[in-house]
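Chain nomenclature is as follows: A, B and C, assigned in order of appearance, with residue numbering initiated at 1 for each chain independently.
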Amino acid sequence: MERVEVLKTYKVYIGGKFPRTESGRYYIPENGKGEPLGNICSCSRKDVRNAVVAARKAQGGWAGRAAFNRGQVMYRIAEMLEDRKAQFIDEISFQGASKKKAEDEVNTAIDRLIYYAGWCDKYTQVLGSVNPVASSHFNFSVHEATGVVGVFADESTSLIGLVSMIAPVIAGGNTCVVIASESLPLSAITFAEVLATSDVPGGVINILTGSMTEMSKPLSTHMDVNAIAYSGKDVDVLRDLEENSVLNLKRVRSYSKDWLKSGSQDLYMISDFQEVKTTWHPIENIGGANSTY
Amino acid sequence: MNNKNGFEIPDFTRSPAVDKVGVEERVSRFQKRSIKNESKMQGLRMALNMIDLTTLEGKDTPGKVRQMCYKAQHLHDVYSGLPTVAAVCVYPSMVKIAKQEVKGSGVKVASVSTAFPSGQAPLDVKIMDTKFAVDQGADEIDMVISRGRFLSADYNFVFDEIATIKEVCGKARLKVILETGELVTLDNVRRASDIAMYAGADFIKTSTGKIQPAATMQVTYTMLEAIRDFMNATGKQIGMKPAGGISNSKLALHNLVMVNETLGSKWLTNEWFRFGASSLANDVLMQIMKAETGVYQSSDYFAID
Amino acid sequence: MAAKKTINQGVEWNYSPALESTSHVKLKSKYDLYIDGKWVKPQSKKYFKTINPANEDVLAEVAHANEKDVDLAVKAARKAYRNVWSKMAPSERAKYIYRIARLMQERARELAVIESLDAGKVIRESRDVDVPLACNHFFYYAGWADKLEYAFPNRKVEALGVAGQIIPWNFPLLMAAWKIAPALAAGNTVVLKPAETTPLTALKLAEIIHDAGLPSGVVNIVTGYGDTGASIVNHPDVDKIAFTGSTGVGKIIQKAIAGTHKKSTLELGGKSANIIMDDAPIDQAVEGIVNGIFFNQGHVCCAGSRLFVQEGVAEKVIEKLKHRMDSLIVGDPLDKNTDIGAINSKDQLDIINGYVKIGNAEGAEMYQPKCKLPKSGFYCPPTLFMDVAQSSRLVQEEIFGPVLTIQTFRTVDEVLQKANNTPFGLAAGIWTDKGSRIFNLTTKLRAGVIWANTYNKFDPTSPFGGYKESGFGREGGLQGLGAYLKMN
């Protein structure tokens, strides 16, 4: 007798857990051949709300970790992704890409994570400054995480767009709520499983699936979200995101890049989600040659 | 611990912290006050009346002291109505002469003591030094603290020494010289001020005039704040005497602004504020004459004594 | 004590007026718009009056630019960008900016006096803070013009094009410098609108820029009200909007440019915490409180308007603060001894007084020194409200005047929570003698500028700007250049 295959239920990833959507709804995206990809959670604004709460809760702790440690955690994600490479290639192929392209995408995603893992304890050195003010003060500027970032991942790729947006955001100490590609959602959820088995603290990355149109408003108007990252070319979507973001002056960054290219990664994607903090302190000038007081 | 004045003696290791850059900023605000017209004349006359005209040299002679005492009472006789200085300040050996010279004028005689300027003598010697000056008729005693002991954190020693000298002073008012140029930091200046006041100082004074830097405004300001805190804590008013380096009118006026805004007009009298200076008087006189005559003055027209 | 019984009583010593002379100031009775290197009459044909808030005298009439005027200015800026400024060698661009800095220094006294006349700010500050900092800003950014490739590693940078800049009335000349200097250094051309109550120093700067021989159209100054600003924001040929002002208007601007690809930097409101720990250098902290809230009549976006004092020293700090406030002189901005000048406008005075009323209605304990206020003009004495709750409107909202609220706290955690408990994030102050505590607090305070054991310090090399609803982007320093560059 033929064995009955156990089918995977795709859930979402919030606060380090895998709940199903609050809404109880699902949708069934299909690949190019008309095959259903699965019953995918169709998240609602309540899932957005829960995810933002989880992201906010995790943010202070994540940003407060040693930069070196964040780098290690990100490296661990890459390791786990490498370990499950075959599964990702299968899923991406199933969603419509050629085997070679799928392999290329997964390899690039792994390398991208390592690229940003390496930046964790370096970007403040490159971007920071000691400012030679004219008064008797020591003055320096450092970059700090903006906070909670709402990420609208690339619609046209399943994994690489998602990873390319998440990595610089979390490398800089932010936490995020990610809306995965609506039509190609499988890798996003499997990636969440990778996250759950690496050392990423729950809530640092939260991944939702479903209708971008439905979730964009609650996420981009949310008063506890500090920035929005949008990957795509739809000017109407972008305008809506920008308008919604005015409510609490979210920083909105948009990208229309080919994420498979190596040029799509750089330091400035980290600084896009950073605030510059400048600190002053008096310098007492006593003693030493020719000093007076 | 309570002393005989009835107020609690604080732990001097916990004197308030002082941030030097902040002090400099505060001081620069005083320096930006623009003192003009009547307020300038008032300030200049006050300054004259607050001077402790000083000669503290190994080569001092009765003749030199007599001349200085005359000047103290006759600052610039061609212009009438000028006040006298507050006091003359001399070594103990000159107290008697000075006392005779200023008799009846209201000018006080201050004597340095306690092995001035270094203070490097045993307590017995310091007591005798002080007692001699008092017996000779000194109205005020300017003692020095033991800076070496202070810098090695022997605050009790410093405190006790001051308290002892205070007893020897009797009716003479005690000015305690911190020699801030040797204390180096403003935190030390603050702590030494607290020790001196709680030990019984009537005045605290910056410097001997023998060490640089002397009475910078930063130091004086730090001491004025200590005086204010002491007044608030104990209700006792303490005088202030910056000494050394205040050689011109502008600096004197800035000091007065600082006293006015830190402690208030209660201190704007030579009972509570003094300048230890020798060349200041003539510069103030030149400024006064400039204001009177409208023309810039030459030092050739002002006697040096 | 002294032997003598007849203690001399100290005498009151009040400073005679020391008025800065206005004789060297040259003001025209009527100012047109500075567009394309020429003074042109407004298409609107309208002018408005700018007054001295210290005595309500009219200083000059100033053109009110409308949409057509702004369009002319933007066209001039575009033409100058395309034909001249973008083609000029960066080192030559630098020399023009240096020249502006030098000419400003030469006319520093005049600029300071005009600033005090038009804005009501005290001459001590306009002379010692506003004008020198404005000059230094041009100096600093001039040097960047031919070094841009060093600023952002691994990036090729180029100018954005035409920058539309809208500045507030609290630091009129300084804000113009903060906006114009980096824009020019980065290779942009500029259309700048000063605030309607304080247009004069920007117009003086236009004269200086003209004297500097800057190519026509590189800098255009258009005066007017909010509608003029809106015309700049909405103009399709403006590549970048730089705005300093209220969070309310910042949001309107951001909404207006949504979906347009215009870049923006916003320096908006604040409600900054100034935190005094019990081991702080108390007297310097008190001075820091005074500088934090009474500098420029409290018309400072980063003013330390929320004071937090640790309970152990609260009584002492408040006592000392009151004493210090008693020595503040409120009055004629042109008197060199004045500490607190005139409130910038009647409208602003009404707003401030409204908050004072709210504070009294809420039952907060108020302290104001007994100072005599001038009879005409707009004045507000320095004001403290003690024992206010975090939920009080006085604590929540930006007052933009010399009004300070005081809250006490017990622990570091408590004060951090309360300090960060605001939609704003512009600045914060922290006073303690303990180094490790400073770093703990400075790291955890969510604000763009943190002053430790000091307050309200500014420098051209030091980036300035906020977190959260205090805006985004930085002005000053290397970071300030990024806002005016396209990075490829």
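In the analysis below, a residue touches a chain if its C-beta (ideal position, glycine included) is under 8 Å from a C-beta of that chain, and two chains touch if they have at least 3 such contacts.
Bear in mind that the values here come from a model prediction, so they are computed numbers and not experimental data.
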Exercise for the section: If we define chain centres by averaging CA atoms, which chain lands farthest from chain C? Would you check? Expected result: B
Completion exercise
Most central chain, judged by mean Cα position vs. mean of all protein Cα atoms, is C
Practice task
Report, in whole Å, the distance between the mean C-alpha point of chain B and the mean C-alpha point of chain C.
Solution key: 43
Problem - Chain centre separation (chain A, chain C; CA means) in Å - result: 36
Fill in the blank from the handout: Taking each chain's centre as the mean of its CA atoms, chain A sits from chain B at a distance in Å of 68
Problem - Residues of chain A touching at least two other chains - result: 137, 282
Fill in the blank from the handout: Two or more other chains are touched by the chain C residues 453-454
Exercise for the section: Enumerate the residues of chain B that touch no fewer than two other chains. Expected result: 19, 21-22
Fill in the blank from the handout: As the complex stands, chain B meets chain C at residues 16-19, 21-23, 25-26, 32-40, 42-43, 46, 139, 171-173, 202, 225, 228, 232, 256-257, 260-261, 264-272
Problem - chain C - residues contacting chain B, complex - result: 1-4, 7-18, 124, 128, 279-285, 287-288, 291, 319, 323, 327, 336-337, 433, 453-454
Exercise for the section: Would you tell me which residues of chain B are touching chain A in their complex? Expected result: 19-22, 24, 184-186, 213, 216, 218-219
Exercise for the section: Sort out for me which residues of chain C touch chain A in the complex. Expected result: 136, 152-155, 247, 250-251, 254-255, 258-259, 266, 268, 423, 425, 438, 442, 447-454, 457, 459, 461-465, 467-469, 471-472, 474, 477-479, 487
Exercise for the section: Please name which positions on chain A make contact with chain B in the complex. Expected result: 136-137, 282-287, 292-293
